[in-house]
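Paired with chain B in one complex and with chain C in the other, chain A is shared by the two complexes that follow.
After this line comes the complex of A and B, so read on.
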């Protein structure tokens, strides 16, 4: 663990150095919102952002990805794997909640015996440089879910904006090594450390008060069959996928084959529990036929099944679902209602 | 608008008390500034939840078609565009006139919170106050006042029927006249003047960010099919990927499906999390229908939709004899 200081005007130099050896992904502004995109020059980066519209999970787990291609011939079927060893990458400027989401994704994509090689190859070759939130949104609730606007989980290096300079902290061996290669850094002083702690206090105080979510999974289990409880939320749900597709921890996918008579490909796509088709059986039976059950699934999966199977809440509190929902479905209202029951 | 809000509440309450309706579908304050959220009131004592302001932009007709309200007598708060969507649903036999009580609002145009939010980011709005012609915003380290007319939703600027063409009661009794400058037809003319290749580029660029969340379809009051063509698996009509060809296929077919039916309420564009503006597509189709059949959707529940009927006089010069 190293603690350094970087004067702000030196940042382009750091990015240039990174760009020499890595593919660099960073927040950029596009169509009126921020996304993580590959940058080629330091000036493309837009660090003055709250958070990205699309979570950076896309970088490891794209919306559409070919798993393998196949060709048919009289000799049989020939399969070509589509896993390419990924180039070394850096994600720069990622928010702590999104970095934490990768620790959940890591578990999901390596659960049990099987490791997902598509996700893993990209993930393993990627360094994560975080940017602490000094200006959290009112919809952020990371602190309610054991996170922090200065959170370090999942990151290799954390940058904290101290005004005219960054406090730069490496968080593991990989981070240490990378810091050694970067120019313009000087050791942090006691005063810098103090300033950072003070800033964190200030930021925490400015955030929307924490929502108590203790025992949330047992409470949810008890309410599983309470139709009235779920209806108060699902009533206004229009059943689109914006909440789940744009959630950094949602991982459900569909697999389809696209083929001609002689060749084809197998493709993985983002899927969502909010679509009726997600659970439609071949027999025509659908175990989750209504939006009440589908909304319940989204909540249960994150706040009950995740804690049960992985011992962690499957949400990082980024608030994206609250912001993007066309009808203003606010997951915090579910927590509030749970407190009241 | 507060005055109208009060009259609206009283009217809705009266309908509930008289048991003319089982529930009222309306708007209540949302959890974020500049947002309202749909609400469903069954008890007269809860009526004060209902709000009426320039953030009441959801098209509530959408909810009316849901199976749980099928045999209910529903009172619904509608703006001009929502009422037109309702009329289309009635003309298409989806909603029985006698089952709905239409509480019409003369609509002054809704404000475009997405544009405001995006222009302000990284500043975040924490408090918003809206007066007759201004929007006062406050955040952590800023205060700002915007002119309301500068931030009217694009779909409202091009609205031609802001007063519900059909309703049981028009709240306040006074229709409102709108006079916004709208450049949609100009933009359309610009697009039409382009070469097919340039137009193709326009469409593919416009749609390339689509994540196929189907918020546009689900927010649309007229996309009510029990099973949408994109969800059919036997056979599967459309590829499921976010490759541009699959995305285009989805959007073009959906556009055809709302031709002559779309009321340009803007719900699709508003719902899109990726800020994709579908209005040039919908406007073009409605212009064609107007041109050829002299028809505008959502004005009269007794006139069948042009794409669902035919007459011997229908223009058909596009049908050519095989050579």
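After this line comes the complex of A and C, so read on.
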């Protein structure tokens, strides 16, 4: 654990040094909104962002990816696995909520008898450098889900914007080693530490008040069959599934084949429990035919099933599902309604 | 992350092994929407690694069309090949149905928990099936017959819409001759020349009234059949822990990652497909 100070004008130098040894992913502005993308020069970075529109999980778990390719010939079929060993990478400027989502995804893709080698291969050899939130949005609720705008979970290094300089904190051995290689850092003083603590207090005070979510899973189980409870939320849902596509902890996918006459590939792509087709049987039977059941599934999965199987809430409070919803569905309203029943 | 660095040694569960269709048998000519495929691994070592028990399933690939989960109809006691009975329903199953002997088929598996053989050993087994869902029950019946001394009484109740829709006609003919298997075949409505039972599976189960003492009931069939068979079994004294069912849900990966088949916190593909009626009582009815 090291605590350093970096004058802001030195940041390009830091990025330059990182670019010499790593592939660097950082917030960039693309088509009018912020996403995480690979940068080749320090000036591509767009640090004015509040958070990226699309969660950075797509770096490890892309929207579409080829699982394998195959060629057909008279001799038979030849399969070529499409996993490439990952180069050393750094994600710079990730928000604490998204960093926390990686700890959930790590657990999910590695738990049980079967591991997911595609996610794991991309994930290994990646260092995470976070950027604390000093301007949380009104839709942010990480503090309700055991998170913090200055949260450190999942990160190797945390940067905090103190105005004219960054407070830089390494959080583990890998972070220590990386800090040693970076230029322009000076030791943090007691005053810097104090300023950071004061800033955190200010940021926390600016956030929407915490919603108590204790016993939320017990309450959800009790209300599972209460149609009226779920209808108050599902009736306005239009089933667009943006909430799940832009969720940093959603992991569901579809698998399809594409082929030409002699070759093809098997592809997986993000899928969503919000679509009726997700569960439709070949017979025509559908276990979750209504919006009520599908909305309930999304809430139950994150706040009841996830804690049961992985011992953690499957949400990090980033608020993307609230921002993106075309009918202003707000998951926090579900928590509030749960507390009131 | 230390866990991850070992991963090169672990095989990729998304990559199918190659097999070849050796034989295709239509189970219900002339309707022809039910075919049993006999698959043989191209590499015999892959078959050795394919260590399965009755009740498990596999993901079959028709390259270019995609993958679908199908219950294994053969028994591990049948050496050298695997059997899968496939109903023609969607893109992949249609491609399978249109393929010929010699076609390359990918296979991933075995997946799922399978019938709890260890629990069944030393007990009476009542197998109740309807329609083409009989496939993993064929596997179990074959398995029990091959290791007959390990199990007590074996009763099989199997129903279909009409005689033509009963799968595995050759096996059924052989089973009818056996003294240590009590077979009850039934069809929904009377048909000329049919001398066996007529009636739906729940009614026939009630009529046969298998003794629940020291017994397990194993049920697989369409949802409507299951719905009406369970109360009959309960009435006969079968405890919920001794009524075993195999669930089906739409699924893609078979390894607990794609999320399609989940029922509550359980995944049909890794926690099932076999559940006891007692387990199902605590899960949402989302199957």
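Here is the rule we go by: the second predicted complex is superposed on the first by the 339 of 341 C-alpha atoms of A that agree within 3 Å, B and C clash if a C-alpha of one lies under 4 Å from a C-alpha of the other, contacts with A are read in each partner's own complex, and residues count from 1 in each chain.
The criterion applied here is as follows: a contact is a pair of C-beta atoms (placed from the backbone, for glycine too) under 8 Å apart; a residue touches a chain by one contact, two chains touch by 3 or more.
Being a predicted model, the structure only gives us computed values, none of them experimental.
Student: Do chain B and chain C fit side by side on chain A in the superposed arrangement, or is it a clash?
Tutor: Partners fit side by side after overlay.
Student: After superposition on the shared chain, which partner residues are touched by A:322: those of chain B (first), chain C (second), both, or neither?
Tutor: A:322: touches chain B, not chain C.
Student: Touch test for A:28: chain B only (first), chain C only (second), both, or neither?
Tutor: Neither partner.
Student: Quick one: the Cα-centre angle at chain A between chain B and chain C, nearest 10 degrees, please.
Tutor: 90
Student: Quick check on the superposed pair: does A:114 touch chain B, chain C, both, or neither? Answer first, second, both or neither.
Tutor: second
Student: Applying the touch criterion given at the start, work out whether A:134 contacts chain B, chain C, both or neither, answering first, second, both or neither.
Tutor: neither
Student: Of the two partner chains, chain B (first) and chain C (second), which one does A:256 touch, if any: first, second, both, or neither?
Tutor: both
Student: Quick check on the superposed model: minimum Cα to Cα separation from chain B to chain C, whole Å please.
Tutor: 5
Student: Residues of chain A that sit at the chain B interface in one complex and at the chain C interface in the other, please.
Tutor: 254, 256, 280
Student: Which stretch or stretches of chain C touch chain A in the complex?
Tutor: For this pair, the touching residues of chain C are 1, 3-5, 7, 10, 12-16, 18, 42, 61, 63-67, 87, 89-90, 93, 104, 106, 223, 248-250, 252-253, 255-260, 262-265, 270, 284-287.
Student: Which bits of chain A are touching chain B when the two form their complex?
Tutor: Within the complex, chain A contacts chain B at residues 30-34, 48-50, 53-54, 63-64, 135, 137-139, 206, 235-236, 238-242, 245-246, 254, 256, 258, 267, 269-270, 272, 275-277, 280, 322-324, 326-330, 332-333.
Student: Touching residues of chain A toward chain C in the complex: what are they?
Tutor: Touch residues, chain A against chain C: 67-68, 70, 72, 76-77, 79, 81, 83, 108-110, 112-118, 120-121, 123-124, 224, 251-257, 259, 264, 266, 268, 271, 273, 278-283, 285, 287-288, 293, 297, 300-301, 304-305, 308-309.
Student: Can you tell me which positions in chain B touch chain A when the two form their complex?
Tutor: Contacts found on chain B: 30-32, 35-40, 58, 62-63, 114-115, 118, 121-122, 124, 126, 140, 209, 211-215, 217-219, 231, 233, 239-243, 270-271, 273-275.
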